[in-house]
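Below, chain A partners chain B and then partners chain C, in two separate complexes.
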Partner chain A sequence: MQRTTRLQGKKRQKTPWSAYLYVFPMVVLMGVFIYYPIFVNFYYTLYNFSAFSLSHTFVGLGNIRLLLSDPVIATALRNNIFYCLISIGFQVLLALGLAFILEEPLYRRFSTVFRTTYFIPVLISMTIVAMLFMQILSPRGLLNSFLSLFGGKVRTGWLGRSSSAIFCAIFMSQWHSMGYTTMLFIVDIQKIPTELLEAAEIDGANRIQRFLKIVVPLVREMFFVVMVTTVSGAFLVFNDVYVLTRGGPGNSSTTLAVYMYDMAFTQDRMGYASTIAILMFVICVILALTQRRLLRTGKG
Partner chain B sequence: MKRIIALLLAFMMVLSLTTTITASAEEKIKLTFFHRWPNEPKGPYMDEVIRKFEEAYPNIDIVVIDPVLNDSYKEKIRVLIGSSDIPDVFMSWSGSFGANLVKSGRVLPLDDMIAANPEWSGKIIDSQWGPFQYDGKQYGIPWSMDGKVFYYNKTVFVELGLQEPDTWDEFITVLKTLQENGYPHPISAGFQAEWAVSHYLGAMVQRRVDPDVVTKDYALEGDFTDQGYVDTLNSFLELKEYMNEDPNSVDHSFARNLFIDGESVLCLMQLAEIKRVEDGADFEYSFFDMPALPGGLGDPDELEGAPEGMMISAECEHPEAAAEFVRFFISEENGALMTKMTGELSCVEGAVNPDSVSTPIQLDAVELIKKASGTTLWQDNAVDATVASAFMKGGQLLYTGDKTAEQVMEDVRAALELAKQK
Partner chain C sequence: MKKVTCSVKKKKIGFPKFNSSRNQWTLGTVIILFFLLVYFVLVIYPLIWMILSSLKTEREFFRNIWGFPAEFQWENYSKAWSMGISDYFLNSVFVTACTIATTISIAVLAAFGLVLYDFKGKNLILLLGMGGMMFSAQVALIPLYRVIQNLRIHDTYWAMILPYTAFRMSISLLLIRSYFLSIPREMYESGVIDGCSSLGILYHIYLPMSKPILLTVSILIAYYSWNEFLFSIIFIDSRALKTIPSGLMVFRDALNTDYALLFAGLTISALPMVLLFILMQKQFIRGLSSGAVKG
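== the complex of A and B ==
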């Protein structure tokens, strides 16, 4: 409607005052729960304070200096980046490939069965999934029993080693979430008119060419949406890691969100926790802006 | 016209979101209660006592805030204390945990209530009051008492002619003997949850390091440079080869199950866990406390463990009713019921008696607690959370091989600096 109004010259309908009234409650809610905390964080980071008392000690840029020299932050960032890269690999790229395969006429008969199988983990609560994986990854659990079949008694404690703990959490996440993005891509691929693909097949394009030249360009928008949510999710991840390893052993599998939670609620260092929150905010803003730029060039 | 009606409807909908539902006028007193036992065996006990209380006091209504387990409780109670939703009556650990809650200024000092009810308060075992005293005032009433001891499979010990070890060297000899006689993992432990490390280190530090140094260091007035700390950590590491594979990847309940199943012969557990062992084990068992460490300067007769207790909010609208509730719970009758239903040891003298215990071992446990020369607090309650965290995580990394004892102490010293700035 607005487009037609614009084309009709400079005549634009004045926004009726009632529109502001409808929007007002949501603006208030967002202001209080989203924008206010973000701004207040910048104030909080200048202080050290506890959740239990009202006294604030001014530390100026002390918390920020601490953040830049804290080795745990480096570990957390590294873990978040691993999360991001592996999630992109599974939840974006592999999911897209999987969706394409499932939508191929050859496999369409089994498609529903597979779709459901891949999607069921998404429906299970993360806590249950974590408990399940704690059993599987236990030194006497399923994974080691399986590996023992190939000779030798395997008793590795996957969750108890600094080198593997975070990867356990990451792969648990992929198992849990991949079905969701696969579903999204399936729905998007279904929107592609079959005539296009058939025509390509007749013209002699093989599967890979059909995938790269037809499917990929046409799911571009969904691709970017899934990319944005996966990447930002990877930098904000808390649940999966916290329930499975709590960031341990030591701090080897911690992520920014888990570390922030630890600082705030276990160690009672609210000022420093606010600083970590700001770091996460900055990272998300950078990612969002980068995303917007790519989207624009993508759409163009 | 239509627009005005639509607007009115929208406005009313928004209004309904903000209106609170007022309950009908009630003369009943409402008390909110928060605890950490949603499960068996203590969940049903809590419900039973609450029911009895409401029957005896029909004008008081107990509203139970959804109980959550141990680690979630630690977090939720902190959030509730910081908010306007502080429960009227709630459970607390002693030591620094209680100190943090008291620091908020929202916990009621109970000295008056105690003085006004001498018959009741006199019945509570003396040594249990201390851990809940802050700034010279009593802020919590001890409810269940506990101790951390090495449970051992007595049947196996007798079979191999072993005795309860008094010193660390005797302890290692016992472990070696067990290993050579068909028990490749004689001791079980699970360090996935950090606190399990602090239960080892807390007792071992107390045994090894000069108590004056420990007191100063834990109060953040020392510097954690004593060689004793490094020795303690190395002794802790010594146990690794006698433990189940990778203790960092399993939790405490897994370790307990290994003991109950008879696969391990020793496990460091709390006396409060007697009932669980009793229900599952098909062998005779007993316990001994932490052996003396080589070069140890601490009292070898102290027992690690602290009471859990109840606290009342300073903002409670009906403190007398809340006090009634607390006195009802922490009484000989309901204390005996607790011991009977849950196996936990009530702090009330006489509550743990031959009638209320499910096994005479619990009487031994109470004797052990009363006999102890003092109480060593859980390390994560005895010292600031940041320092405790450095010890606990350090212990985990000691076991993964990522850090040496000296490196862990460096981290502790760094944590000390951060803690001082809090």
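== the complex of A and C ==
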């Protein structure tokens, strides 16, 4: 793509001013709403301030020191890591397997129905999904009345126990998003020439061999794309937890983003909230770089 | 006679055992089918339950959590609609439409400038334009809140439309630009010969040719702004301006325990995207999968 741009460039007329006019709105918009806030965020961590006053107190690295010793940050990080690991299991590994199965000729006659149904939750806003799951998981909810069918009256408050609340959010999130990554893998698997899979079969490769030796290497790039989005999504997760549990009970199911929101907009500690934002930023950059490196060495 | 020879030939040439192992049902494949069905039920049942519950009375919902409603309470829907859902719904439509319009216009202009001209700093601007994908809203939230306050657009529609536009800009630019690159430059030159201004060329030649990608991008933007939650709870305070995702929070808090009504509200809110998907499945899938090319 770059080469054609360069070739075309040579034929170009010299009218740079209108060119600047064309890109101007984009530059201003992204400058004001993305780049300026990102950079200023670093500066904000050095201060303590509240949303509606102009007074800033310089605290230097105080916020970072606070961050490192804050037990809630540890809980949040732990929850984000759970989120990440379980999401990799479902939305990356299982979804890839599922996509392969749905593309197998054996299941083809059902696969349209399955594929479309699995995709429906993706279309529904997380707020709606979370409110639905609050009713499913409530003490007198659908899940408990289902479990009661197997004997006894189950009245567990799944969202009210600090041991289970975060896992409710995590599994709800898998319910919501697995269809999306499955769809991405299906689109990619459909690009594989069928001759390749048929040839492998003639050579005697069974289903598992076809999956591991042909499909997996060929969808490798999509695999990494999905991996990056899933992992960074897991460290940024907000909506799911905020609507379902608000981070509670206590702070047991909080995540970095929910805790940041709490600090900023309920406790009005804007400087500290910015510091949490920086922590998320650093985590995402490190993960993205590691994954890029993994992808590159994987290619070579 | 002819027919007979033909069929004989086919039998000899064809691969007799060709699809056999892929098309045979074994214990393993049946177990897999069983799990596909379980997942199918896990996905569809909560949604059916939501719809069924939305048609019950409040008492019925608690007494009979599994069953069908004795009588379909359709008025739950009109009640929910008039209890605020209508406002949120229209706000969502308005904000989504505006976001699509602003994002597409700005991205089209920028893509056109970047594809057709050479100028100083072009690569930097391209990098800035694409780089937005690496940053998520959460990371810039607090300064962004300040920016919104200082621009005096806090608690207005602009407080959603402008940030949404900014955060959807990179992916839209990426898709539109690569589409523009595939349009032969002769189209531009023929426009110049006909005495068209560059804006005219964009409007009369490039835009009509780019309809498919513009549709894809619009779906991608609509999906995002219809479901966006974080900005809309932070930048909007007035109930009258809230979109569906944030408005539902208010709706729920106002209801106490009338869950049937809540479910009616949820169903109404979920419907538009599902309908859009059913109507435009192909474009939808194309939009979301090209939106994922992030890495």
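Here is the rule we use: the second predicted complex is superposed on the first by the 275 of 300 C-alpha atoms of A that agree within 3 Å, B and C clash if a C-alpha of one lies under 4 Å from a C-alpha of the other, contacts with A are read in each partner's own complex, and residues count from 1 in each chain.
Everything that follows uses one rule, which is that a residue touches a chain if its C-beta (ideal position, glycine included) is under 8 Å from a C-beta of that chain, and two chains touch if they have at least 3 such contacts.
Remember, it's a predicted structure, so these values are computed and weren't measured experimentally.
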Fit-or-clash call for chain B and chain C when the two complexes are aligned on chain A: clash
Contacts of A:48 with chain B and chain C, given as first, second, both or neither: first
Partner chain(s) touched by A:249 [first = chain B, second = chain C, both, neither]: first
First, second, both or neither for A:142, with chain B first and chain C second: second
Most chain A residues touched (candidates chain B, chain C): C
Touching partner for A:22 - first (chain B), second (chain C), both, neither: both
Touching partner for A:209 - first (chain B), second (chain C), both, neither: neither
Which superposed partner A:290 touches (first chain B, second chain C, both, neither): neither
Touching partner for A:265 - first (chain B), second (chain C), both, neither: both
On chain A, positions contacted by chain B and by chain C: 18, 21-22, 25, 51, 265
In the complex, chain A residues that touch chain B: 18, 21-22, 25, 48, 50-53, 57, 59, 62, 66, 137-139, 155-162, 245-246, 248-252, 262, 265-269
Residues of chain C defined as touching chain A within the complex: 15, 18-19, 21-25, 29, 32-33, 36, 39-40, 42-44, 46-47, 49-50, 53, 62, 65-66, 106-107, 109-110, 112-120, 122, 125, 128-129, 132, 134-136, 138-147, 149, 162-163, 165-167, 169-170, 173, 178, 181, 185, 198, 223, 226-227, 229-230, 234, 244-246, 248-249, 252, 259, 262-263, 266, 269-270, 273-274, 276-277, 281, 285, 288-289, 292-295
Contact set on chain B toward chain A in their complex: 3, 7, 10-11, 14, 17, 74-75, 78-79, 81-82, 100-101, 103-105, 191-194, 244-250, 254, 385-386, 389, 393-394, 396-397, 399-400, 402-403, 418, 421-422
Of all residues in chain A, those that touch chain C in their complex: 1, 4-5, 8-9, 11-12, 15-16, 18-23, 25-27, 29-38, 40-41, 44, 51, 98, 101-102, 104-107, 110, 113-114, 116-128, 131-133, 135-136, 140-142, 145, 175, 179-180, 183-184, 187, 198, 201-202, 206-207, 224-226, 228-229, 232, 236, 238-239, 242-243, 257, 260-261, 264-265, 270, 273-274, 277-278, 280-281, 284, 288, 291-292, 295
